[in-house]
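These are the structures, in structure tokens.
Here come two complexes built around chain A, the first alongside chain B, the second alongside chain C.
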Partner chain A sequence: MKTIKLLVSAALIIAGFNANAQLTGEQIIEKTYNLPTGEDQSSTLKMTLTNKQGKQRLRVIKQFTKDFGEVEKKIMFFQSPADIKNTSFMNWSYNSDKNDDQWIYLPALKKIKRISSDSRSDYFMGSDFTYDDLGDRKLNADIHKLLRTETINGKDYYVVESISKDEDYMYSKTITWISKDTFIGIKKEFYDEDGDLLKILSINKTEEVSGFLIITNSEMKNIQKDHTTTISLSDIKINSGISPSKFTERMMTRGM
Partner chain B sequence: MRTKGILLLIILLAGNLSMAQGPDINGYARTYEGVRYNNGDFAIIQQTLNLNIEKRGDKTAFKANPMVYVYNADSLNIGLREIYMDMYFDNFDLRIGKQQVVWGKADGVFITDIVSPLNLSEFLLPDFDEIRTGVIATKLNYYIGNSSLEAIWIPQFTPTIRPNENSIWYMQPAFPAPPTFNWSKSSIKPSLENSELFLKYSAMTSFIDFEIMGGYTWDDNPSMHIKKIVDMSTGSPVLTGLEITPQHHRLTVGGASFSVGIKGIVVRGEGAYYNGKYFQTADPLAQDALVQKNYLNYVAGIDFNIANVKFSTQFIQKYILDHEDLMDENQTHNTATFMARYDLMRETLHLELFSYIGLDDEDALIRPKITYDFDDSFSILLGGNIFIGDRAGQFGQYQDNSMIYTKIKINF
Partner chain C sequence: MEKLLKKLLKIPWLILAITLILSAFFFIQMKKNSRMETNLDKYMPQDHPAFVFSDKAEDWFGINDGIIVAIENHNGIFNSETLDTLKQLTKHLQKMKEIEKADVTSLYTADNIIGNEDGMDVRAFYKSVPESARELETLKKNVENNDMIYGRLVSTDQEVTIIIAEIKDDVFTPEFYKKILELTDSYETEDIKIHVAGRPIVEGTMAMLGPSDMKKMVPIVLIVITLVLFFMLRSLKSTLLTMSVVFFSTLWAFGTMAISGIPIYAVSTMIPVMLIAIGVADGIHLYSHLQLFLRKNPGASKKEATSDMLGHMWKPVVMTSLTTAIGFISLLSSEVYPIKYFGIFTAFGVFMAMIFSLVFIPAGIMIFGLPKVKKQKKSSDNIEHNIAYNFAGKILKYKSASILISSLIIIISIVGMQKIWINSSFLDKFEKDSDIVLTDQFINQHFGGTTTLNLILDANGEKDTFKDPEVLQLIEKMQNNVENELPLVGNSFSLTDYLNRMNKVMNADKEEFNTIPDDKKMIAQYLLLYEMSGDPENLNKVVNYDYEKLNVTFQLKSDNSKALNSVLDIINSYEDDFNNLGISVKYAGSGYKGLVFTDLILEGQIMSLILSLIIVIILLSLMFKNLWIGLIGAIPIIITALISFGIMGFLNIPLNTTTALLSSIAIGIGIDYAVHFIEQYRNNAIKSNDKLLVAQQTMAHSGRAISYNAVVVIAGFLVLLFSVFPPNRELGALVSLNMFTSFIGTITIMLVLLNISNIFLKKSQEV
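Up next is the complex of A and B:
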């Protein structure tokens, strides 16, 4: 699995790492990145978008993920709102530098389309999460630097700054608070191209499922737009033996 | 009264199904009005109710898609776009019933996508799910990993639906003498011998998606067999009329399509070889003013993003093999499409421009539209269908039908 474990869909395990003050920013992020997460996972994702007037929009997605070694496959079935019901989306993410393969099935068009994966900075379904934020960003896409350590509520955290190697990237930098004990990220700040704070990701709730610590509620708040997206996970199953056939054309068109 | 009764029955049936068996029901209601801007006449006044009634199980599924169209004040059109059942087995699926089938990788053009015929009663303007008609078919999909073998048997041929003579989309062909139509051969009798067969192999891989298809089908568009009626009473032949007999003929089609991602750009291609198509000709020696030729139809296109704007463009060419000068159609016919789409305001405001461009006749259909989603179920669309260019062209001929329109839609 290549996903940065701060992110909402990742399965996180408390692996008993010992705090190590000698670690560099790169090594800390790598440990977070490489936390074991199980072979497969399924869950129902509810995404609530709240604007500054308090008006809410809800998206519901059933998602399945499986690690095949060199490639991680993910398939999402959209259940709500009504106009996108039965739409499905599949992503194959590679350990190598190869671009992701992505397909979308639109029930109105009745066909699967391969889509361009060159849109990492696009916001996912109008939310405050970009595709990168949701976990598809590669480890080596950024330069990571340990800024300091902090103690919050009696717990120690690394504070790591990450700057994209791509000068045109939408964030000038991100700063992540990572637990010294577990290497789990608990907070992340995103700064815009002018260096101003844009968004803050906070972890609201974690639960243990099949021995894995899962982030079941998180919130991304856009400070500049006063817009918030809350993600909650339910019906979580880990290592349930999802068949490889789940990640195929057949399932995209047929649905769950 | 009868149609209103059917409508009521559909609604009651949907309600009963919902309560008794718990099928999933969703759909939309839509009002669609368009005004021709050269004379202010309404090009369309249409109210639509579209229902999707689905019941899914582990081994079986059922779907019905009734739709109701009310045109102008009182013209009611009720139909079932699809109604079928699915059966799922370990390695194959079976779908039986009226269904829409979509093949190929091209957008907005129909090269290998020939299983479901088109409803062209409003030219190419309806949404793509509304422009295809359902066919009564048995479809078998056999799966091998990420590839699939699909076989389709259609016992009863369905032709392309053309605009009726009162429609603004009907173009009266020019004849040198008064025509008389003989419709006796315009339909195909349902029989085993007259069925249609289609076969497709498709695969999705990390490198490329592709399809290889073949079809033993009927030409969805009838050939016009023309016989001259000549008066010899004056001693010299005088053309007094034409007897025109529309007739569908067999076509054998083979083709392929692909889609590949290259560094964030999607490259698509699709092509087909059509064997045995009848073309109109002015050759006086030709029987019924027709000549049989084979032709190629293919498309190449790319999809890419620039600054969060999605672009897509395609080039399409039709090429008639062994072409003759007296044929009505030129040997090649070139068309292009262009699409740009930009979603903003958290995907609540959508700007889109789609165009068909006739490269030979220098004509085009330009379709800008702006859609605003007030919430997740309610949207308003403002758009234009602008026909420009040579009136002899496929798009230019509809210059007088250029329109602005609005669609207000509620999804449920």
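Up next is the complex of A and C:
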């Protein structure tokens, strides 16, 4: 669940930098990867899942993130639906190879439990995003290649193909459209192991908050399953000085 | 009509040419456009409520049948070699074009969710194959402690583990099956045996095997019939012309089918069978008459002989064909489209056989000349004649014997019929020692079962109903009840199993928490936790988004109707309880559809049997302008049908789609015998008032032709006893039996009843 950092910044985010004329695919992705996200963030996250029958599930989560250098800590409180209100989830993600530490608090059980998991490609909370999609994928896990540049609605984009070094990876390749100005990815296609298009990620809206460009609305559509996840962020606060004590087991039980 | 037919005698070459050209056209159409329908779902009426609902439910929960690949090792499966085979095979199946990666389930793909004092741990059972004894031991412990795996993916004797690959209904082809078998064969070693089973394979093989067997057998049937026919008619020309009627009518029926874009269904392969049995009859009766005429008038020209034949025989040929065709058209009352098509095209073929018999056979005689009547056979003809006269005499002398025996047979048959049971099983259609049956038994011994029944509980839009502990506890009680009561139910699976597991895991894996929690919020929170840590796709297979529709899967070790119905009975006893909670009870899945489908076919068959019987009685009454004749003519048919069902009851042959369809043939053929016989009887009765002589003349004429007909067709169908597909064997035996009883019924009890009723005699006396 390193992920949640990328919930905040759904795929590949944030601005700065002037477009350099002759960047390699690798360099472009690196710039995207290294976009600054601030010291801490808090926001309200709305996740809407829509299945092929058109049924929807809506979840509202209040989330806090803080970068401690060696470790990034996150805490999430479920707001709705009512039957899971105040369920909370905490994740510590380390820069080293150490596995994430995760805790869950179920108010009905009144107990905090540690969760350990080894599944990296798993889908996040029944959504169409995997943890990797949400940003946990390491830069050097893929070989990146600049395919071409494209102009869409008067704006210029790099089109970069990324092929996994691990043959067994769930995607045979991904193709990302990255803004020449901001280095934000605005669209990404995911191809399954057979080379067929599996999912399309589209960034619908970005907003500037405290000088950072943040993706506030993104949509992941699974073409093969006809299933869609929309994530939108509101009440975003960056560098508001969240106390380190926010990220403790005691806070998990307190609710919002 | 008679005039028209005689006019046509002047243009035999034209008729021959037209027939051949049109036949060539139909042949080309058939070659070009015919296709076999092997997807069993296409056989079912798409607009029937049970199927409409099942299709919807299959869509909601992604219910698909699975191919089961079982890996067996007598030394146990917890060793590197077997686990590596499992891993490689799983990955290989995942990569096949026909299979979606996510639809492959095995110990290799499964998540192991375990609880401890601190919390929970979600891990793959293994990624790289464990090598050390310690790793293997840990894996073994993990499997043994996980109810959702042990007994489901790994057998409890630890010698077998399975991979389930779910496929869509239309994916299965013989090539795909072959590819899987080649794949699994390549992984077999001295220790490791691999078996492949599952509903898609049973269905696919069945839809393939019956028709392909029929394809092999029909030519042999034709050859045998041709030989016997030749022996009977003693004329090559007559034999070939009669057989070409069968050939052309079948060709035209399939050609028309191809032109109308209707695929060949498994039942359609019975059309040639029906047309062979029915089509030769017209030819035999025509030639039989012709021979008798030539015997009396040796010097007659071919024109005179053919004219006389048409003059005497066109009426019975038309009458028999119309009654037979209408018998088949009554199948339109069936709700099952393949059966409707079977009815229409068989009726069409019967109609064409009539046209060919009346137009093509005379044209053939005009062109190729009369069959030779061998003079030296005079003595044997006399013998035939004497036998017919003696037989008719004996039958009329001992009328009460015929009546008594017939009554006795009817009573015994009715007793036998009580024992008939309906079977929707597909597996029962295969040889008991065939690979497909043996593999199925093997997997049933080690796991829950290869047949699935899906119970769909529907709260009709009331959201979150299936988070309610009261509801879930009732479901669990029902699941346990079914599992405990019925040994043939291996296991059941639903949302309750996930909740039991989560509750146990979150309480440090203590067995006393292997229950449904009492708190609705707790249930909701466990489900959220499962979504976050397990594979949420799994939950979509048991409950829908709004938690108002739920899927309970029962696994059965048998797919026959008795087994399925015994499960339905127990579930239905909970229906009131569910209804009180606002939940309706419905079913889905291939097992259930098979059951409904069989019921539909049988219902339709019984309906059409009764319907065609009534129509035939009315038609006969109209044709002979006498209600009694209609009733008397129906007697051989009724006896034939009763004996057929009676014997099935006594021999424990269940009613299934093949055997039920056979009742049509009883009517189709039985009525032919009766009509020919009655028509001849009437003709003779007009000329004479001697009841005995009338009977004897009829016996020598129609009785002779009928016996030829019966012998030819019975001989042909007995060939099917050597078929490799059991339903085709049953078909051969029962058609032969039906022919025989119809034949005997016509020349005994029907003759007796004609004799007693005095019908035609009275009339002729009045005139």
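Simple rule for what comes next: the second predicted complex is superposed on the first by the 237 of 256 C-alpha atoms of A that agree within 3 Å, B and C clash if a C-alpha of one lies under 4 Å from a C-alpha of the other, contacts with A are read in each partner's own complex, and residues count from 1 in each chain.
The working rule: contacts are C-beta pairs under 8 Å (C-beta built on N, C-alpha and C of every residue); 3 or more make two chains touch, one makes a residue touch a chain.
These numbers were taken from a predicted model, which means no experiment stands behind them.
Per the definitions stated earlier, placing chain B and chain C onto a shared chain A by superposition produces a clash between them. By the document's definition of touching, both partners, chain B and chain C, reach A:126. When the shared chain is aligned, chain B and chain C each come close enough to touch A:114. Contacts of A:87 after superposition: chain C is touched, whereas chain B is not reached.
In the superposed pair of complexes, A:78 makes contact with chain C only, with no contact to chain B.
When both complexes are overlaid on chain A, the residue A:194 reaches chain C alone and has no touch with chain B. When the two complexes are overlaid on their common chain A, residue A:101 makes contact with chain B while staying clear of chain C. By the touch criterion stated above, A:211 is placed in contact with neither chain B nor chain C. Of the two partner chains, chain C is the only one touched by A:53; chain B is not.
Of 6-14, 204-212 or 366-374, the segment of chain B whose C-alpha atoms clash with chain C in the superposed model is 366-374. Chain A residues 49, 57, 81, 83, 103, 108-109, 111-119, 122-123, 125-126 lie at the interface with chain B in one structure and with chain C in the other. Those residues of chain A that touch chain C in the complex are listed here as 49, 51, 53, 55-57, 78, 81, 83-84, 87, 89, 103-104, 106-109, 111-119, 122-126, 168, 192-194, 224. In the complex of the two chains, the chain A residues touching chain B come out as 49, 57-58, 71, 80-83, 85, 92, 94, 98-99, 101-103, 108-119, 121-123, 125-127, 227, 245, 248-250, 254-255.
Residues 59-60, 91, 94-95, 97, 100-101, 111, 118-124, 127, 464, 467, 506, 517, 519-522, 524-526, 528-529, 531-533, 535-537, 539-540, 544-546 of chain C are the ones that touch chain A when the two sit in their complex. In the complex of the two chains, the chain B residues touching chain A come out as 26, 28, 56, 86, 88, 93, 100-105, 127-129, 141, 143, 145-146, 148, 202, 204, 206, 209, 259-261, 263-266, 303-305, 308, 310, 346-348, 375-377, 379, 411-412.
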